[in-house]
Structure formats: structure tokens, C-alpha cells
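Structures follow.
Consider the two complexes below, in which chain A is the common component and chain B and chain C are the respective partners.
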Partner chain A sequence: MANAPGVRGRFEDYALLWLLTAVIAVLSAVPLARLVLEAVRPGGVFSLDAIRRVLESATTWSATGHSLVVAVGGTLLAVTIGGLVALAVTLTDIRARNAFVFVFVMPLLLAPQVVALAWIQMFGPSSALLKMLGIAPPLGTPNPLYSPGGIVLVLGVQYSPLVFLTLRAGLRALPQELIEAALAGGARPRTVVRSIVVPLMTPPLLAGVALCFVSCLGNFGIPALLGIPGNYLVLPTLIYQRLAGLGPDALSQVAVLSVLIGLIAMVGIVVQDAMLARRDFRTTTAAVEARAFELKRWRPFVEGALWTLSFLTLMLPLVALVTMSLVPALGVPLTAKTATLDSYRFVLFMHAASHRAFVNSFSMAAVAAVMIVVIAVPLAYFLVWRRSRLLHAVSLVTEAPYALPGVVVGIAAILLFLKPLPIVGITLYNTIWIILFCYVARFLALGLRPVVSGYHQLDRTLEEAAQIAGARLFRRLATVILPLVAPAAAAGALLIFLTAFNELTVSALLWSTGAETLGVVFFSFQQGGDTNYASALGVLTICVSVLLMLSTILLVGRLPRGVLPWRD
Partner chain B sequence: MKTIARRAALVAFAFAAALAAGVAGAAAPKGKLTLYTSQPEHDASMTIAAFRKAYPDVEVEFFRSGTTEVMGKLAAEFAAGAPKADVLLLADAATMETLKKDGRLLAYPGANVTGIDAGTYDAGHTYFGSKLVTTGIVVNTAAKSRPTSWADLDKAEYKGQIAMPSPLYSGAAAIMLGTMTERHDLGWPFFEKLKANNAVAVRGNGAVLTTVASGEKPYGILVDFMAFNAKAKGSPVDFIFPKEGNPAVTEPVAILKTTQNPDAARAFVDFILSDDGQKLAASMGYIPARQSVGMPSWYPAGVKIHVMPSNIPKIVETNTGNLKRFSEIFGK
Partner chain C sequence: MARLTITGLTKAFAAFRALDDVTLEVGDGEFVAILGPSGCGKTTLLRQVAGFDRPDAGRIEIGERVVSSVARHVPPEERRIGIVFQSYALWPHMSVADNVAYGLTVTGVRDPERARRVKDALALVELDGFASRRPANLSGGQRQRVALARCLVTEPSLVLLDEPLANLDVHLRASMEREFARFHARTGTTMIYITHDQAEAMALADRIAVMDKGRVLQYATPSLLYREPADATVARFIGEGIVLPVTVAAVHGDGTCDIVAFGATTRMRCAPRGVERGPASACVRAAGLRIVEPGAPGVTMRTTGVIYQGGHFRIEGVVESAPAIALHLHVEEPCALAEGSRVTVAVDDGWVIPAAALG
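The block that comes next holds the complex of A and B.
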């Protein structure tokens, strides 16, 4: 400390710190504690009945088994794809790397349920694409994606960018001199990979695996679209069905199920935490780049393989989705004559709930992003520059709602807000505010990370100069720090916006008439058999997401490196 | 005594006047109205748009799902003491009877039922059938054979080829179940054989249409208007009226007793039963309750659809047991 702050200044510091701690407690610790309480004290009376009933039910264990199968399967696939792509993109001299990373990472920021529908459209007997190729399955063949294998495939593709990003960050931090020494000593590239790259890459790889496992485990949209038709339930879809079918009566049961999925997720979170040792490879990257292996005559083949992969896993499903949104009815082939914009006209101009959903999702995503930035900028100040045991705890608690599956947060929020709030007497359940609460709680960690890495790149002397000049904390935050971390905060806000805009897991549990989100309307179109409306809505949300991602090109050069996953 | 009688008469008069004023006030209903319906998204949106043209001061929000699921949501809201819905437009009369028995429905004696078959609305005027929706067999046009009766669906050639709506989601399917299981020629064995023939119960009728039109299953059990509307738009499907007849529902409209906006709710019932509302239904492919307004364009001229008679009071009693037995057979 250059200069001890005055008494008022110190008071201001403490007030702000405790205010932030209180906010984090309300957003994260209180709902999760309430959830655990419900599991052991259903309806306010201590009893292990709810736990026993849930644990004795065969459905619980079949859904748990299914969850583990698809989470492990999806993770293995994601690790295979993401790992190979990370090696190729980071260590070799392929061309058009930025464009490829943009395209490869994109599925991660699209709505999983929309991606699942796109895949459904691509397969099955009426697939326009398969028909064109003359390989459409015969009439009466069920869509092959309505199976555990289908769920694993789509989960694996959806989350392979997660593994890619963690590994890529790790690879970039590789000590270059080791590799150079090995190469100079005559080691072949294969030997270098085996004896240097792989051992050093094990921690980030395991972290990526764990992160991917937790994401697959908590995903709702993909198993909802691909698993419900074949009655293949996983824990998130089981919780959703119980709650939708039985209403608040089922709360104690679903609370126990949520704790169960939370405990499984904890295994992944603990592994991730141990491997990263508090260092976040997802958003912070070292700037040192290892020298690329020259692929020479293999380069076109590697490039071709990478782009073919993106073509098969992203472009083709999206083309199938667009095709579906343009035909007048299911089973009609798309031709110049049959093409119609009727589905778009319907969701844009005639369907009131779609309208509301656009307004709701857009404004909730925007408000959540702004609120999180307002919390994250001062919070990161303390986390980065004022370490303490309290702050360490605060940081862990902040991560919890994002690390845990979305259903856990959703059910916790219902328990907390079902009854009117004490003192004010307002009921948040069945209103839009409960969804907004969950968005802020859940995505806070997502917005905090870029801001934290923004602080790490700041030179603190500026702030200290302002302090010596007598500026108190609020003033320093507003006039010195905020302008400096603004690009990072904007990047975080954009990530939050994209995630919340496409969100379904939480809102599927919490929505009510008038408080629909885009995810919910899409899901109810799809469940009601209105596939072409669902497709049109899906295409529109994808357009919004991609446009927002592209708009970040304007921010080039002003962002700390690595805060936006799709910006290389 | 006399003064008391006079006073009573005066009070009665004042009351009647107030009532009349209330009725006159109903001429321009306004405010918010929440509809829970099982109509497909498109049809519900069209219905609300047309209603709002007639009553521009009423804001309508709606929730749509299968009748059984809408009832689940309502039951949860009743339990919480705050039902959100004002009006219901659900698939079948048995559901409405159940709500009526529980005292949830508000009678509307003034509803316009002229020209509507007395069998389709409640004598106590709590719910009013708005359409006739029959269930038959849908086939993908690329399918090899054409079943002509329900009993045909048990044949080996349809093994693993049939999709049906689940009564655990759809009200029309629940009535089909309650109607067919009471018949000697079909009964529970019909459903047991369907299961033995690997028929799958998907969610609602919309999901059946998706499955058949996309060719995942070439045959399905489906409501008439959905099949004909899809066919009119170019979907490769045909609709078959089976020999034994079609089970049918009346898609009744009703007002919840707990409505916050009775004027707008009555206006909604008025609109559904009006000639305009009935013509709208016909234009969307439904057989209207007041058939004098005209039939949907798909309706086979000169043919009378053979409707399977349903014993609604009996179904009200047996429905819960039926759903349980169905879920045991089909494992859902």
C-alpha cells in the first residue's frame, strides 16, 4: 500500500466488500443451501422419506445411469474431436486459422436445443439432404438420433470446443525452449509430441475432460429433443417431467434429484479445480506461441480434414434446419415452387408468445449482462488486488451456480421464491423476475472471468496514483479502472448475453404464461409437432447469435487475449 | 309487513338494475384475459387474433399444451390457490365435466347456443362444445397398404409401423381410449394388440403428424383436421375414416369461476360460439359445432362421418383408471 486510505475511505472499502459478499450470498449460497435443506427437511419437517423414496425408485437409477452413459460418451467424443483439432490448430502451420476457430467454436454459443433439432432434420426418412444423396432410410425407419448414441453424438460435437479451448490455452503455454531443444537434438515431431507435449498437456486435458463431463451431464436441450421421444430419460429431463407433470407437489422429490445430479457434477468440478489450480484456461491464455510444425505437403490434407469436420458437424445440420424452416409442411421437398416464408411470418408477426419471448429473452439477457458487469467490476477488483480468505470463499461460491447443472439452480430458485418474500410480501414464482434472478446467479462466473483477466493485465500503478491523489474507491473504480477493464467487461457481457439469449434449461422449469423465453417457445413448438415453426424460430435465434459474434470483430485489438472463445 | 315487502321489491329492483348495468357494461369488455388451450399454436393464434378484432380492448395471453398436461398445470395452480387462467378451450367434455364436478366452472346462461346440438353443451351452461374433432387413421402416401378399420391395425404388416397420441398428454386420445375400451369389438384387447404390434405412443397429435409425415412411422392415429390441413399444405399424408367409426371430441370452451375478468371471459365464449367464430373454425379445417355456417373444405360432400358414441359420465369415472392401465401397457 502506497498510502493508507483515510478512515472514510477504509469504511467505503469495507462497505463495498461486504455488500458484494452479501449479493453473492443471496445469488448463490442461499438458494443452494435452501435446496439441500429441502432434501432433508421436505416441507419444513426433518425427514429422510423424500430421499428414501427417490433412492428407491427404479426411474431415479435408470435416469442416473442414462445420464452417466451420455455424459461419459459425449465427453469421450468431445475429447477426441476437440483434442485432435486443438493439436492441429495450435501446433501446425495451417492457414485461415482465425476463420476456422470461429466456425469450430460456434456450436458452443448456439442453443443446444436448436442444434439438436438441426441434427434431427439431417437424419430420418424425410431428410431432404439424405433424399438428395439417395441414401434416405426407408419409410418406417425411426430417426437414428432418437437414441443414446444420437445424444452422445450431438453432445460430443456441441462440447468439443470446450476441450479444444482448454487444450489450446494449455498448448499455447508450452515452454517453447523445451520443444526447440528436442527438435535441435534431432527428435522427430512424433517423439516431441509423445515425450513433451502429452505429459505437459495432461492437466489441461483432464480439466477439459471434467468441464466437458459436467456440461454434458447438465445439458437439458439435447436429451430433451433426442431422448424424450424414445422415453430415454436423463436426470435433467426426469426433473423437468416430474415438475411439469406434478407441479410444486413434486418439489421435495425433484430437490433430492437435483442434489443427486449436483453431487455427480461435483466430482467433475473437483477434478477440474485440482487440475487448473485456480488458473482458468478457458478464458486466460498466455501470449507465447510455440513455433508451428511445418506440415509441408500434408498441409492441404489437414486443412481439408478440419474444414470437412466443420462442414459435417455444423454447416450441414444448419442447412437442414434452414430447409425445414422454408417448406410449408413436413415431408414436402424443398423446391423453388414449394419454398415459403410462412413459418417466419408466423413466428415474427402472428404468434404473440414468440413476440413476447423475443422481448423477454432479449431484455433479460441484456439486463443480466449489465447487472453482472456492475457486480463483476468491483468484485474482480477485490479478488485480484486484495486477496483474503473471505475473498477466496466468495470466489468459490460465485462459481458454484455456473459450475453446477442448470436444473440445480432452477429448482433451488423455485424453493426460494415459491412463497411470498418475507417483509415485502411479493411472490417471484411464476413471474419473469425469478428467471432473471437465475440468469444473474448462474452467469455471474461467466462474466467475472474476462474481467478478472482484464485486471491481471492492468498496471496497478495507475490506480495507486489515483489513490495517492486522494481519489476514494468509488471514484477510482468509476474513472480509472472501469475505462481500463471496459473491453474485457464488454466481452464478458457479450458472453452472458449470448448464453442467456439461447437458454432453455432454467427457463423450462421457471417459465409461466407471459414470461416465456425463446428457448421455451422453441421447445413447445417442437414438442407440439410444429417443427417448421420451431425451425424458423431456431434459424432466427442463430442469426442473432452469429451476428453478435461477428460484431466483435469491431472490438479487435482492444480485448485481452483469449476472453472471447471464438476470437483467436 | 307492507313496507318490508316494498323495500324488498325496491332492493330487488335496484339489484336488477345493477345487473342490467353490468350486462350493458359487458358490451365493451377490456383488460387481460388468459386462455389455456389444447389447440395447436397456429390455430390458437388465429382464434385469438380474430377475437381481438372483435374485442380490441382485451389483451389475450395463452398457454398451450395437451389437454392432460394443461389439466396438470391447472391442478398445480388450484393447489397453490392462484389459477392464472380465465377461460379454457380444451379437447373434450369429460375434462370439463371433471372441472364442473369440482365446482371450478362459472355458468354462462346467456351463451348463444341456437343452432347447436344440445348434446354438445352442458345443460347447466358451464361448458359449450365448439367443434367436432374426430379421430381416424393417417397414412403416409408412400405407405404400402391402406388399413380400412381399427381392427386392421393389429395385422402383422403394420408391426412397428404405427404411431399414436398418448392419452397421458392428449384429451382427444383419452376420450378415444375411454370410448374404444367400452366397445365389444375393440375393448382393451385392441390396445394390448397395438402394443404387441409395437405401436408407439408419442406425445400428442402434433407429434403423431410429425412422425407420419416425416415417414418415421408410415401409419398413425390422428385427429381429422390436422391430417387434412397438412395434406392441403402438401404433406404426403392421407386420412382414413375406419369402418367402426371415429371417436370424437367437441373442444368445449368454459369459464373458470376464479376468473379475474368475467366480462372478457364471456366475450370469449360469445366469440367462439358466434357465426364468425364458427366460420373461422371451419376455415381452419374444423367441423364447427353450428354446422349451418358451413363445413371445412376437406369435408366429403354428401357423406356423414360415423361418430363413435362416447359415454361421457362413464369416462369421467373411468378416466384415471384408464390412464393408469394404458401407461402400464405402453410403459410410460
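The block that comes next holds the complex of A and C.
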């Protein structure tokens, strides 16, 4: 040991560092590079043909136009709802705040395609709920949601929690003294909001806007359910249809389309990064929350408005969905006599693909969550405590698959795994493993964030004490660091599980017989007109999601603040 | 047990020199305090010795082994030293016994020897019945002792203590101070004690290294530091010394000299060599100042504050002919002095700061 000090200790450090770098490269940089390569070198030969053909096609530009319309529209709606709710929840003295935040944020953690179906069931001639109430429009009336307006409405509701969350985090970091100084200077609450709060909240608001825009742009489930019936195609649904219709032959074209949507999304991502970088972190350490404005006699009205909002945008659609899942067939009204659990029985016990999908989605979500935690704990260690410059640069890449629309990652994975892997000769395409790969790549950033904030809250001397005691890196990670960041890692794992469990965008592109996910089975039920089965499946996934969200009450007090969106 | 030899250690963070050519030698079994205000570089020095950071220049040897140099860096886990952290850094997910046993487990010590050594270490810090407790269920003083037991159980050759009493209340500090002294006497381990509290350093250390701005200003026994500060900074920092501009009138061979301060002549201690006639700085302390009858030889002072401190008054004032120079001294009860009065102060004892460190 005296001759070669630290050789083994340093070996562990370097081995882990380079292993992590390699894993991240394979998960993020390699697929995206492959995608861009395909756009300019379709089939391995340099050619701008594919680009030219895609750019000359009128469909491309109509889908791009549609994408921009629904993304901008959805963002505007989400900012209006999310912004007002964030101000009301954070700055005023409303009661039952935690319960409201839980309910308001919930749509974000539910599958967008299920939410879209729930909304469909609120309108239109075949709505079981409207039929039960006797106010269904006559048969043949088109469902008003099958329109750009419908897509904007559901996108806006789905992503308003995103704006709410970024704005709320910003408001919490707002130093109390700034508000108090204005109040002491004689300003009325309304003036304070207008002259102090809103100007200071511009960076987080713009970050929320950008995040929301990218999410709306990349969403597949909502425009798939609401746009495809009226042939209103956006870029993700166009890519899906091209690939489903033409198969791998259309790969160069969809690669170009993916690059196109990726470039549009990049605008949003760059704005978001620039705005978040402007946040003044010095103020966040003073965790004193602004004193709530007293609403006095207005309080019941504000509370009433908030709960009415979540009744209309969450509970009512869910009731419509549950109603639909209980009727025996499309068009039958729900009465005590017609109510049946047949749909549930069918999807749970009789339909083989549903059964496989439950197993697949459950196990892939769980495995992805575990794998990401295994990557994220050492990765965050090097990022936060060792301040590794190499990994810091690389970690920017981990954000890309999560920030970019899901179709981009899906198409990139197809290109990467269509041919057998070199050396081992195994083909991942058309297996469940390609979906799992995408889940790990796509949701790594989601799991990394809570773990990073977990490290920030830990005293590093806890690790140094273990080091002084003689423990090398692997042992320190296993015996000291992992147990300490476990709560944050569990929160990250849960977020990943919920997201992967409800996932559709990637699996719609990558599924194959035997490798169906719940999203895929749900989507094909709905496409095939089996709305009652789709509804039953949707209700079941919602139950699983809500139960998991509620289970986090067990982790109370052990989590860094703000890692779980639905926990206030 | 081992010597610690630090030679020419330098560490810079960007343009800031946290350590500037630090040289220090700690003998086997010695208890040395590193004393200085916050930001003086003492924590940086500790992190170099522990191996958490690499120096830019210089070297550190523990025993005969070079552990830090520009070419060679032994990682902390291979230095076989112990640290008591300011925050204690007890692992919250482990029991007291598991915390103490960790260092043994890591180095391959197994039961029953491990259990015996943990038991002995806990007995040494008088925490016999606490083995199965969690750190969260202990008081501040108990946590401190667990940290000490955890550090000593592996019998490290060198123990670093990073402001270990900073988080304890005054009452507990005194008893923990005695405990550290007892420990050092019993185990004979070489100890480096980082602190900004000079009372702590004086009470515990065999020798004290006073640091400021990344440099070691003086390294000496507590008594020598107090009586014979090497420069004006040390003089002011230790024991609230007063630095006066004086003129050396005559140097005697016996380590004393005659000096003139503000017109008054008095005798002061000085280094046997190196002091010459002419302008110099002298360090005097409250205990060496005395109010005398008006007209007697002394310095005329205008009082600016009279503060009762229980049993005596602290009199603060400025030299009338040089208002930038503040003086303070103690006067027994009763005291009729009021703020703004003029008194004559005689200098009974003082130390001429060696000319090399004039400032």
C-alpha cells in the first residue's frame, strides 16, 4: 500500500466515472446522433433527398402548422389557469391548500390519452353520462372535442399544473421582505402583486411557458384521440401514421420529421434554460414564506372558484369516464339495470393482450425506475459533491431525451436497434427491450432531479467521515450515501414509475405483439371503437396512479421539499 | 502515534491564497491547536492534512510517510487518521454502536474483536448504555462523545478535531474541554485541534499555531504566545493585547530594555538579541496597566467607557496625545471614574515586539 498509495481507491473513482459517462452517452447522445445522421444519410448514403421530400410535402407543413396552433393555444390556456391558481394558492390564505394542490396537480400524473378519453365522454352523442342525465345531443352530432379547440382545451388543462409548479417554486423563493416592504410603504395587496410579484416572477413564468409549450408540442395521446377522428394531424400523430402505414421504409422521412419537431422544441428548451438560469439562487436559501394576503370575505368565493375549476376539469371528466366503463356498450345509458362490471372483467381476465400489457407496463415501469435510481445515485454524487466537470457536461445531454418530444426518442431508438447489435448479434427491435431502453433514456432526467436535490440537502461531512474511517467509494456509496439519499431516490423512482406506467408516445411507435403496454392496448381499444373497454382500462390505471400518489404520505418529512409535485 | 510534518504548504483558490507557505512540525503525542479567525485558512489546512484537498505546493508527512505532495496524494481513506467534525457527522441511519464500529468493519476487523473494541470505546467516553440508540436521540454532548469514540476506536496515528466544541453551549464546553485533555493524557495520540476560541486553545494545547491570511504567524506554547507575541497581529489577537508605538532608549543584556512611550519612561521585556535603540512596537495588556496619581510618570488617557464586569470595572480610553490608540485596563471596585475623565496610566509590564515583525 505504501508503494502505490490510493491506486485502488482511485481506480474505483475512475472506473465509476467513465462507466457513468459511457452509460449516459449510450442513453442520450448516441441515439440522437443516429437520428440526425439518418436525416442526412438515409440508408447510409449521403443525400438530401429525404429532407427535400419531407419539406416539399404539404402534409408536413399542415402538420407543423397544426402543431404550432395547438401548442401555442394549449400553452396560453395552461398559463392562464396555472398562473391564476399559483397566485391564489401561494399568496392568499385559502384553506385546505394541500388537498387542493393534490387534486390540481393530479392530471399531470395521469395518462394524457386517458384524460382525453374522459373529456370525450363529457360531450358528444355517445356520452354515457349525458345519456344518463338525458341531455345527450342527438345521434350524428359531431363531438365538439374532435377539433383544434378540443385539443387546445385538453392540452391546456393537462399542462396547467406545469405552469403552476414552476410559478409556485418561484413565488416561494420570493423574499418575504420584498412584499412586506411594499406593504409597509402603503401599497395595497393588488398593487403589490402588480408592481412587485408579477415583475419578479417573469423568469419563472417564462420558464413555465416554455416547458408547457414543449410538452404540448410533444404530446401524442391527446391529439391522437381528439385529432385523428377529424383528420387533424399534428407532427407526433403524423410520424405515428407514417410509421404505422409504411413501416421501417419510411424511416428516413420520419427521421427528418423528428428532427423538425426536435428543432421546434429546442426553441422552447433554450428559452426555459435561459429563464431558469436567471433565477437568483441566493434568495432561495431564505426559506421564509411570504405571509399570505388575507382574502377576508372574498375567501369563500376564491375557494369556491378553485374547487369548481378542479370539479369541472378533473372530477367531471373522470365521472364521465367511470360512467362509460360501467355501461355494456357504446350508446347505452347507465341505469341501475344496465350497469355492469363486464368491461373490467374483460380487460382484467379475458383479454390476453390487456393482461400482457399490465404485466409489461408494471414490470417495465418498475425496472426502469430501479435502473434509473442505480444510475442517478452515483451520477448525482459526482455532479453535486465531486463537481465533476466531465459529468457536468455530459449531464446536459441527459436532459435532452426528456426535454425533447417522445417521438424523437422513439424514432432514434428504432434507427439504433433496427439492425442486430454489433458483436452480440441480438436484435432489440420488435422486443420489449427497446421500449425499456427508451424509458430509461427518457426518464433519467426525471429521476435525477430529486436525487440531486437530495444531495444538496445532505451534509457532505457524512461521506467524509466514512472516507476517514477508511471506506472506499463503492462501500461509501452502499453503506452511507445510498441510505441517506434513499428517500429522494424513492420519490424519483415513483415519478418514473407513474410516468412510464401511463406512457403511450414511445410505446405506440415501438410496440410489437407480446410487447404491448397499457397505453398501446388502451389506444387500440379506443381506435377499434371499444370505448367501454378503453374506459375500464383507463379507470384502472388512474386507480393505480392515485393509490401510488397517496402512498407517498408514508414518506412524509423525509423528503427534500418540492421533489414530489403533488405534495405541497 | 506519529509526527506530522508540514513543509511549505500552499493552496490557492483562484486568486485567493488560502494557505501561504505553511510550515509546521507536530511532535509525536503532542496536542497542537491551530488558532485563528474564520477565513484564516485553518480549515483549509485541516482538509489538506486529511487528504480531502490537494495542495498546490509543499508536502505533508505523517510519521515517515509522505501523504501529500505535488507528485503524490494518498487518499483520505488510506491515511489512517481520525477526525471529529464540527457537525459530528454521525450517520443518522446507524445506531451508536454501528457508527463506532464502521471504521473497524471497513478495515476488516470482525466480531468478537470488533464488538469488544466498540464496547471499550463507548466505555471510554462513558456511553456504555447507549449502544443501540440512534444519533437523533442523543444530546449535543453525547453526540460529541460518539464522534470521539468513532474516531478513536481505530487507534489512528493522528486525530484532527475541527472546532469540536463550536456547537455546544458554554456549560458543556467546559466539561468537554476537560474531557479532551483527559483523553489526550490517557491515549497519548497526536492531536490537531482547530479553533477560533483562544481560551479553548490555551486550556488544551501544548503548542498553538496562530494563523492569519493563510500564514502561520507564530507557533509556540500558550504562555510564550501570551507573554512574547512575535508580531502585532498576534499581540492584538491573543488576550486582547494593546500595541503601542514606543522608542527603545536602552537595551540591557538581561532581556529587558528601557523604552519611552508617550513621554513616559518604563522598563519592558524584550528578546535577548535583535532589539536595537530606536522606534519599535510594544505589546501591553490590561493586567500590565495601572492608574496612578496625576503627575506621576505615565501616559495620559481620556476614558471613553466604564463597564462593570462583576468585581471589577473595565476602563476603556484613548491616549490623549494620540487618540487613534485605544487602551483598556481593569480597576477594582469601588471606582469613581466617569466617562470623559483624564487619568494617568503607568505601564508596569510590556513586551517589545521583535523588529523583524514591526507593524
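FYI, the second predicted complex is superposed on the first by the 539 of 568 C-alpha atoms of A that agree within 3 Å, B and C clash if a C-alpha of one lies under 4 Å from a C-alpha of the other, contacts with A are read in each partner's own complex, and residues count from 1 in each chain.
The rule is simple: contacts are C-beta pairs under 8 Å (C-beta built on N, C-alpha and C of every residue); 3 or more make two chains touch, one makes a residue touch a chain.
A quick note: this is a predicted structure, and the numbers were derived from the prediction, not measured.
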item: Which of chain B and chain C A:G470 touches, first, second, both or neither; value: second
item: Contacts of A:F525 with chain B and chain C, given as first, second, both or neither; value: first
item: Chain B versus chain C as contact partner of A:P422, first or second or both or neither; value: neither
item: Chain A residues touched by each partner, larger count belonging to chain B or chain C; value: B
item: On chain A, positions contacted by chain B and by chain C; value: none
item: Footprint of chain B on chain A - complex, ascending; value: 124-126, 139-143, 228-229, 231, 244-249, 327-332, 338, 346, 350-353, 430, 512-514, 524-525, 527-531, 533
item: Contacting residues of chain A [partner chain C, same complex]; value: 1-2, 5-6, 9-10, 459, 461-462, 464-472, 475, 479-480, 483-484
item: Chain B to chain A touching residues, read off their complex; value: 34, 40-42, 45-46, 48-49, 60-65, 69, 72-73, 75-77, 79-80, 82, 84, 140, 142-143, 160-161, 202-210, 213-218, 230, 233-237, 331-332
item: Chain C residues within the chain A interface of the complex; value: 50, 52, 65, 67, 72-83, 85-87, 89-93, 102-103, 106-107, 150-151, 154
